[in-house]
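In the two complexes below, chain A is the common chain; its partner is chain B in one and chain C in the other.
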Partner chain A sequence: MRWLGLALVVVAAATLMLGVADLPPHGAHDAPVHTHVGARYLERGVAETGMRNLVTAVLLVYRGFDTFLEVVVIFSALVAVVALPRGRAARSRDGDDQPPAALLTREGPAQERISVSPVVAFVVQLLGPFIAVFALASLYRGHVSPGGGFQSAAIFGALFIALALVQGRERAARLVPRGARVWLQALGPLSFALIGGVGWVLTGAFLGYPAEAAAYALREAMVVAVEIGIAVGGAVILAQLFMAMEG
Partner chain B sequence: MVLFGVDVDYLAFVVLFCVGLYMLVRKSNLLKKLLGLNVMETAVFAFLVTSGMIEGADPPIRTAGTGPLFANPIPHAMVLTGIVVAVSVTAVALALIVQIHAHYGTIEVDELKGLP
Partner chain C sequence: MSQLFDALLLLLLIATAITVVRATDLVAAVVKFGLYSLMMCVLWQHRGAPDVAIAEAAVGAGVTSVLFLLTVARTTRVEKP
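Moving on, here comes the complex of A and B:
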């Protein structure tokens, strides 16, 4: 059994090495990956979508369906996690009450809750507003500069988790009111469906964006609306996932 | 730079992938297995996202003063999708591990074997 695992890893390594041996060197401009639609997106992407950040253009316009369902995937993950019974309530066997911190050690002793260093707490609270502004900037300028909805969601989610760690879960949970949470956590799929519907009415295709140069402002508003949906929805989902992990 | 007949970047991805795979198959602790899975995913994402790179090219953000050569935006967008799926998988797996710990008091696979 011990050697079986090692043998599997060796076989996998050998197979992968054989596979990568034939790949073109890194950074070659004529590698197969660059010979398909990528060149077309680079050439016509700005004219067709009005976004100068072509990663966002591919994400929201050329591969819009993919991103829509991706947002649905992370929402489904939240549904799955929340649908499980809460850990402490399900604990029935011999009434042991170890905190989740003991999970990594084989027979970890029940550990006391580690108090947060005042330095860490101060730094997190000092940097909190700046992190939030950075997340907002990366959201609002995501289609013309580096950034975007998912990046913003990750920054917001990380900020929430940092605050929850230093201020306690109860105080952090108040950042997202319970009534609004139900709708905010579904904001990603909802905004995508809504803007997709608007595009359907305007262009006749679900998730279509009006292509005329005159509709630039409308198109930009649609893109920003989807990005806000992804960012807020994603951030609330990350926060909810963190809150649901309580053992 | 070429090492053992392959580009050293590719070698790094293979090593990272195999480290993750080793953790996944050899560790008994479910959390460590999940960490291994995440290391494997990191190797795949690094491989994919660097495949869009072109020597001397700018990032695919067309503002004044950039170009004429741009990196390929498609691998970037696809890896973004992949990361979201990886986060979802990790979240569900963590929730299940918490459940297993709550139910059996252990997350070691060798101790879980044979438990009702």
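Moving on, here comes the complex of A and C:
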């Protein structure tokens, strides 16, 4: 069995290596990926969208529909996790096989609560505001410099989890108002649909953006609105995932 | 120099991946996996993909590590052979 597994790994790896060897060299200007639609994005992307960060331009403007569905996928992941049955019946029932002491600050019947090192707690609380500012900057400037809604969501979510670990989940949970949670966690798909609808009214195509150079401010506002939706929605989804798994 | 840096980082990535798989203490495996993510983040940045690097640092090294640890806390810490 062991040798069969090894043989499978070797065959799969050899196949992959052969495939990789066939790829054009890294950065070759005549590679297929650079000669079709990518070349147009690089050539005219900044002029057409007004965004200097072409990654955001491709994500939200040229490939907006893909990103819309991607946001829906992330939201569905949260739905799946929340829908899972929870409970402690599965563990610490069979006596002799006790789980190890709690790894993190969570209370359980047979487990001790382990307190967080004061150094860690201090550093997290000290860095918290700076991390939040970084996340905000990466959100607001996502269309002109590296960053954007997804990055901002990831940073905010990580910050929330760090705060929940050192301060306890009750205090951290207050950052996300309970009543608004239902709407906030769906903000990504909602804002995308809303802005897509606005684009429909303005240009006649779902997720269309007004193309005139004079409409730059409007276009920028639409993109930032979608980015805010992705960032807030994504961050709340990460926070909810954490709380669903921890609780 | 740049190529050498990438090659070194990739070799380290492979070595880290092997130690992750071989670790029987799952908490150690999670910590090593966080290290893997951080190196991956440096590699993304070095290859000119800062957008991906930011997300890798926050999600790969931050969020997923915590989610893995929570899973370990709910199950068992030591992998049985």
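We take it that the second predicted complex is superposed on the first by the 221 of 247 C-alpha atoms of A that agree within 3 Å, B and C clash if a C-alpha of one lies under 4 Å from a C-alpha of the other, contacts with A are read in each partner's own complex, and residues count from 1 in each chain.
By definition in this document, contacts are C-beta pairs under 8 Å (C-beta built on N, C-alpha and C of every residue); 3 or more make two chains touch, one makes a residue touch a chain.
Everything numeric in this text was worked out from a predicted model, so none of it was measured.
With both complexes superposed, B is the one of chain B and chain C in contact with more chain A residues.
Of the two partner chains placed by the overlay, only chain B lies in contact with A:Leu42; chain C stays clear of it. Once the two complexes are laid over each other on the shared chain, residue contacts for A:Pro25 go to chain B alone; chain C is not touched. Shared-chain residue A:Val9: touches chain B; no touch with chain C. By the touch criterion defined above, A:Val73 lies against chain B but remains apart from chain C after alignment on the C-alpha atoms of chain A.
In the superposed pair of complexes, A:Pro146 makes contact with chain B and with chain C alike. Contacts of A:Met245 after superposition: both chain B and chain C are touched. Of the two partner chains, chain C is the only one that A:Ile161 touches; chain B does not reach it. Using the contact criterion defined above for the overlaid structures, shared-chain residue A:Val58 touches chain B, although it does not reach chain C. When the two structures are aligned on the shared chain, A:Ser138 is found in touch with chain C, with no touch to chain B. According to the touch criterion, the shared surface of chain A, contacted by chain B in one complex and chain C in the other, consists of residues 53, 55, 91, 100, 103-104, 106, 146, 150, 238, 241, 245. On chain C, the positions that touch chain A within their shared complex are 27, 50-51, 54-55, 58-59, 62-63, 66-67, 69-78.
Residues 4-7, 9-11, 13-14, 17-18, 21-22, 25-26, 29, 31-32, 50-57, 59-63, 69-70, 72-78, 80-81, 83-85, 87-89, 91-92, 94-99, 101-105, 107-108 of chain B are the ones touching chain A in the complex.
In the complex of the two chains, the chain A residues touching chain B come out as 2, 5-6, 8-9, 12-13, 16-17, 20-21, 23, 25-29, 31, 33-34, 36-38, 41-42, 45-46, 52-55, 57-59, 63, 66-67, 70-71, 73-74, 76-78, 80-81, 84-85, 87-88, 90-94, 96, 98, 100, 103-104, 106, 144-146, 150, 238, 241, 244-245, 247. The touching residues of chain A, when paired with chain C in their complex, are 53, 55, 91, 97, 99-100, 102-104, 106, 138, 146-148, 150-151, 154-155, 157-158, 161-162, 165, 238, 241-242, 245-246.
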